[in-house]
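Take a look at the structures below.
Consider the two complexes below, in which chain A is the common component and chain B and chain C are the respective partners.
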Partner chain A sequence: MRPAPPLLLLLPALVLLPLLLALPGLVHGGGWDLIAEFAGAAFTPSLDPVVLQSLLAGLWVTVAMALLGWGTSLFGGLLLGLASSRTVWRTLVGQELPAAVIRRLLAVPRSIHELLWGLLLLQLVGLQPAVAVLAIAIPYAALVARVVSDLLDALPTANLEALRASGAPAPAALLTALGPPLLPGVLSYGGYRLECALRSATLLGVFGLGGLGTELKLTLQSLEFHELWSGLWFLLVVMLLLEAGVGLLRRRWTMPRRFALHQAGVGRRGREMLLALLALLPLLLAVGWALGVDPVALGHWQPLPGLGSGRWQAVLSLPWLQLVGGTLVLTALATGLAVGLAPLQLLLAAPWPWLRRLVACGWVLARLWPPPLTLLLLLFVLKPGLITAALALGLHNLGILGRLLRESLDDQSPAVQEALVAAGSGPRLALFYGGLSGVARSYLAYGAYRSDVMLRETVVVGLAGAVGLGSQMLESLSSFAWDQLAALLVVYALLTLVGEDLSDRLRRRLLRQA
Partner chain B sequence: MVKPEPAAPLLELRQITVAGRDRPRLEALDLRICSGERVALLGASGAGKSTLLAVANGSLPADAGQVLWQGLPPARSARQRRRQLARIGTLWQDMRLIEELSVQQNLNAARLAQWGWPRALLNLLLPLETAACAEALRQMELDPALLPQPVTALSGGQRQRLAMARLLRQQPSLLLADEPLASLDPRLATQLLALLLRQAQAPRALLLSLHRPDLLVGFDRVIGLRQGRLLFDCAAAAVDGACLRDLYGAEAAPP
Partner chain C sequence: MTIRSRTTAVLAGLSLVLTPLLAPIIVGGTLRPQAVAAEPARTARVLRLGAIPDQKPEKLNRLYPLVASELSRQLGVTVKYVPVVDYTAAVTAFRTGDLDLVWFGGLTGVQARLQKPGARVLAQRDIDVAFHSIFIANTGSGIKPFNQQKGLAQLKGKRFSFGSESSTSGRLMPQYFLAQAGVKLSDFAGGAPGFSGSHDATIALVQSGTYDAGVVNEQVWRSSLHDGKAKRSKVVAIWKSPGYQDYHWIAQGDLDQRFGKGFTLKLQQAILSWRPSDPQQKQILALFSAQQFTAADAAAYAKIEQVGRQIGKIR
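And now, the complex of A and B:
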């Protein structure tokens, strides 16, 4: 008795049942008027020029931090990706071992969320724009490196061997044989990372690292909803422009030739990409200069107080089981919510196109808002705790997963759905059988990857009170308990590495069956 | 609910026009198909055969004219309209099987119009109505042992038969088929056509578009379509070389 694909898609939504059961007990009574005021303010954002000016300045800082962090991670990630590719090492020195070693080492920066990097760097070098940039660049570079080396090692090497056999030197052969097939994948992923970088930069701002995020959090805490919405609308415009621009470039550069309407000149695509990359460098330098990034200031480290005092007894007495368990439950709840709710919403809205558009708008807002801000909003009406944190984390990721589900449904031929409708089945069942069957496996595979991201992101909703390792880390950080923090980081990194491995296996299994 | 009149034709098209880019895809077309009739639809590529079938099964609204199913226009209420659509079975040229599901689940997908959510969900978990599914396969001369197989494991000919078995599973009164024989070898095409014609006896009716005038044996009526207009509508025996030259010949030399 194995559930068939479309049913498989609805299984994660089962997590909604315990959530809905627990929700009434979490409502603390007050705060609904605040939520209503917040919702109403969406249509009456503040137009005060002073407010707008300060928000625009914050927006510029956020965008600049995202751009710099992303650019640095892209260049760094490409280099590290080459350095951790088995094919590259085998071709250059005839030995694969260094690739495996570098790959293992890169797992460490990857397993720590950018927020933690940000807060750690903040303690080390003090508040400066470079902190947010580095906080984004370090984990992102390790992520890009992994994707680049995975892509590289999955490419067929017949061409490469043919070139080598004809006497081409190793670097030239690598560039010629593997460069062109690698580019589309890297570009597609790079564009996606830029969208992530904008979300990360906003998030870092919420935790005080500057930019629009800081402004958003201050306006929310002082209940200035009209000013909050001005900022959110700005962010929305930038995010939609970015998503549209990235999509445009992706289609222009990665569309297979045979689909192109007119034959472009030979090498046009390559030239355009190279020019774009070359233009990126001075742009990044200019942005860095305008933002006031000072590499020298990064050299001045402050000594960390309290490290080495070694109160290891206190470290051991932390409720480790509870912390790890809380983190895992939080991840599972948020994953079920995000993965399961998107298809459910589409099914409910299937008969009405306007409702489908409304759901999609909801998803845009959900991925726009950093999870801690959603959390603060939820705390107006809900008690703090694990479920509230899971709601905030799940809703944010729902926005990302929902968009993906909609896009893959749009890419699919509607023929089967039309056939079912023509045979008299309702629009919901037609979508369920005819539409969701085809996308179920690839969507769940992405959901498995996303669960791994959510495990890393649990730290972001640590503000919600005792909800696992994330909140304990934030607490240890603010009380300068460095020994506790070091132990927590190690456990957290181990946990995310195990989670990454599990989600990888699940993803591969789902895709193999597809 | 208004009951369909028993004596009314299963399908009636009145002055149907569907606009196209250069010329109408269908123009002022009249057609009646009564229970027990087996009608072949002939015409060159682009003559409007698929458009006519799409209007007949309700998936394409006409720009002008009226469609009547068993004497009734398409219902306004979604529920009643679905009940009307469930009486019309379509055999699509590309078959439109659900690739991710098993043979039995695909057969049962034809019952979704009658089934609510509980059974639709159960169908994805358990084998439902196995006897009826096996019977539908047997009528199409397929082995019931195929029921638990994934659709992707079937051969081209088996897929075509499965699509027809699904059509039977829907229990429609009007059968529409859009060039179901186009991609089959001659022996298989004759076999499948015989199976389909055997199923299309009163109170059912069949409207089948095809490209091959040599397969008209067994049909009661033949309709010729040219550039969206009805060229002839006569008994199958009356179709001769002159009719076919009119239908296909002029198309070769553009006006």
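And now, the complex of A and C:
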């Protein structure tokens, strides 16, 4: 017997039970007054012109870093995607092997979180705006490359074969047959990456790479909540504008949702898309120039000190089992929380529209706050440790998943739900059988992909003390222990590669059944 | 095929042809590592001043621009204050040559000198010869003040926060004293201590009860009591550590080549010449909580280096 799809959807929420049981033991309640002060400050942000000016300057840097990193990754990813496409290689040289090799190689930059890229590059080339840009661009380009090559290889090849059979040269045939149908998928995914890039750029700032994130971290650390909220409101406006803008373009160009990157044929608005794409280039160059990105300065590599004297014995004696175990448990808890809580919240709030709106607002805030900030806030009232870190990571991703779930529910035809309501079932049951059952598999498939992201993200909640590889990495970094760092990076990369493989299989299975 | 869809296809094809041509403009130079020394243009006549962010940003932003303008006046070169976000970043920025003169703590100073051979220790404050850490506790935590070091054992099982991971007075020496009293880092509640990031943050978090206890440097503790930020009804000092060497000014080794012969000596003399009789210098010294700066030398930090190696913060 197999559970019905909507039940499957609620399965991850089971992780809430142990979390709820553990929570009372974790509360130390010391800083409730700080939490109250923080919440109160939301309504009384600082309006000091000096503060606002420096926050706006930070916001501009963050947005510029996000835009540049994203743009670079989009162009780089397109090239790499072409280079790792089986169809392209088969058509050009009649051999698929290079595609597989390149695809495998690209898994490495993808498996390392942008924060780690940032911190590594910082050590190599010093503090400059280009570091954050590159830190975003490297892993993102590898991600885009994977999506592009997947899309390319999934396209029907009848047109291509027809063109080839009629004697068209390989490159021309590829462009004509695959270029137009590829664009909508790439742009849809690209828009989504821009939202991710904004979050990444903010996060990099929290770890000292400049921009608004740096201001947020400093104001929170010195408990200046009013100034913190001025920054958060700015960020909120930009985030919502961006999300609305991307959503608008997606609807206008009737593109597929990111849940299911199925091909929808040639976009009717192809010309508009191309113009937007071409307009992007001068914009990116201008932003890069204004931000002071200096590609030449990136070439001045500084040697890492003390690399030769690796103490591998000491590296081996790190508590690896505990570190890896902690990281995996953290990922599992955060995934269960994020994936399971969103549909549960929707179900609970189903009868009351105002509560539904409140839940959606909560999601906006959850994805607005970078996980390390959420963690610092949680530490005011919770003891440090794995569960606290999982809460911070899970809540952030809940904000992202919740929005996706709601979007895909809104996309559905309301007929089934209306019919159920008309037939006399309550709003919860109607949502359960009418709404959720339709999106269950694609939502879970996306959740599987997101668990992969969370595994990489465990590094950013290392502040909670002794929670796996992330904490050890921050400690090793402040000791300038390159040997430890190298070993940690390798273990991290291996873990995420295995995790990616597992979540891929799960996703394919879920989508096949859908 | 309609005309419109053909145009679309052509444009799409065109864009795919163009992207490879345009991408190198953006990614371009980044992929070519060049073994060139730091550009002279970038580092010419501006002395870049930095400091570990051990206190609230407002205080740092008040103090270091003052220092920059005073040094600029005395030396006749442009001095620019470059804020950094954490201790590690300050060390890294010194190594990569992004900072010329940095106010380091004991540990970060040793780390910086080991990573950048040739760096020069210029000066320390009068109070840095025998600097102290103050262990503090929330009044509701039940932890009582004590006089003997072994009283630190009371902290076992409590929520405890250090300052920055690389702080000398907020982590390195306290961890050393805790170890002497038989307290391991895994003995604290939650299996690990917290790292608040700065001394001010530690005081605020202990005062609010987020942590039962913490450790801060004596100078910040005194000034927090003085300006009322630390309320005696909520947070108390429980133990004062023995003295050790702490903060110091460190300069790059190549300042003489870049700013002219004898510049490093002039810079050191300038810092040593600050006296409370001059209004601006008085303000600087007050913010540093010092009467004056004295010459310092690297050998004084041998003990810090030894403890750093013991704890694994120096390798």
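The criterion applied here is as follows: the second predicted complex is superposed on the first by the 498 of 514 C-alpha atoms of A that agree within 3 Å, B and C clash if a C-alpha of one lies under 4 Å from a C-alpha of the other, contacts with A are read in each partner's own complex, and residues count from 1 in each chain.
By definition in this document, a residue touches a chain if its C-beta (ideal position, glycine included) is under 8 Å from a C-beta of that chain, and two chains touch if they have at least 3 such contacts.
Keep in mind it's a predicted model, so treat the numbers as computed, not measured.
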item	value
Which superposed partner A:L497 touches (first chain B, second chain C, both, neither)	neither
Touching partner for A:A42 - first (chain B), second (chain C), both, neither	neither
Comparing the two partners chain B and chain C, which touches a greater set of residues in chain A	C
Which superposed partner A:F432 touches (first chain B, second chain C, both, neither)	first
Partner chain in contact with A:A360 - chain B first, chain C second, else both or neither	neither
Touching partner for A:L283 - first (chain B), second (chain C), both, neither	neither
Which of chain B and chain C A:A107 touches, first, second, both or neither	neither
Contacts of A:A422 with chain B and chain C, given as first, second, both or neither	first
Contacts of A:L298 with chain B and chain C, given as first, second, both or neither	second
Interface residues, chain B side, partner chain A - complex	57-59, 78, 82-90, 92, 94, 96-102, 105, 109-110, 112-113, 115, 117, 120-121, 124-126, 170
Chain B contact footprint on chain A (complex, rising order)	1, 3-7, 351, 415-416, 418-426, 429-430, 432-434, 437-438, 440-441
Chain C - residues contacting chain A, complex	4-5, 7-9, 11-20, 22-23, 25-30, 32-39, 42, 53, 56-58, 84-89, 91-93, 95-98, 111, 114-116, 138, 159, 164-166, 186, 189-198, 200-201, 204-205, 208-212, 312-315
Chain A - residues contacting chain C, complex	28-31, 33-34, 68, 71-72, 75-76, 78-79, 82, 122-123, 125-127, 130, 134, 137, 172, 175-176, 179-180, 182-183, 207-208, 214, 217-219, 221-223, 266, 270-271, 274, 277-278, 281, 284-285, 288, 295-302, 305-306, 309, 311, 379-381, 383-385, 463, 465-466, 471, 474-475, 477-481
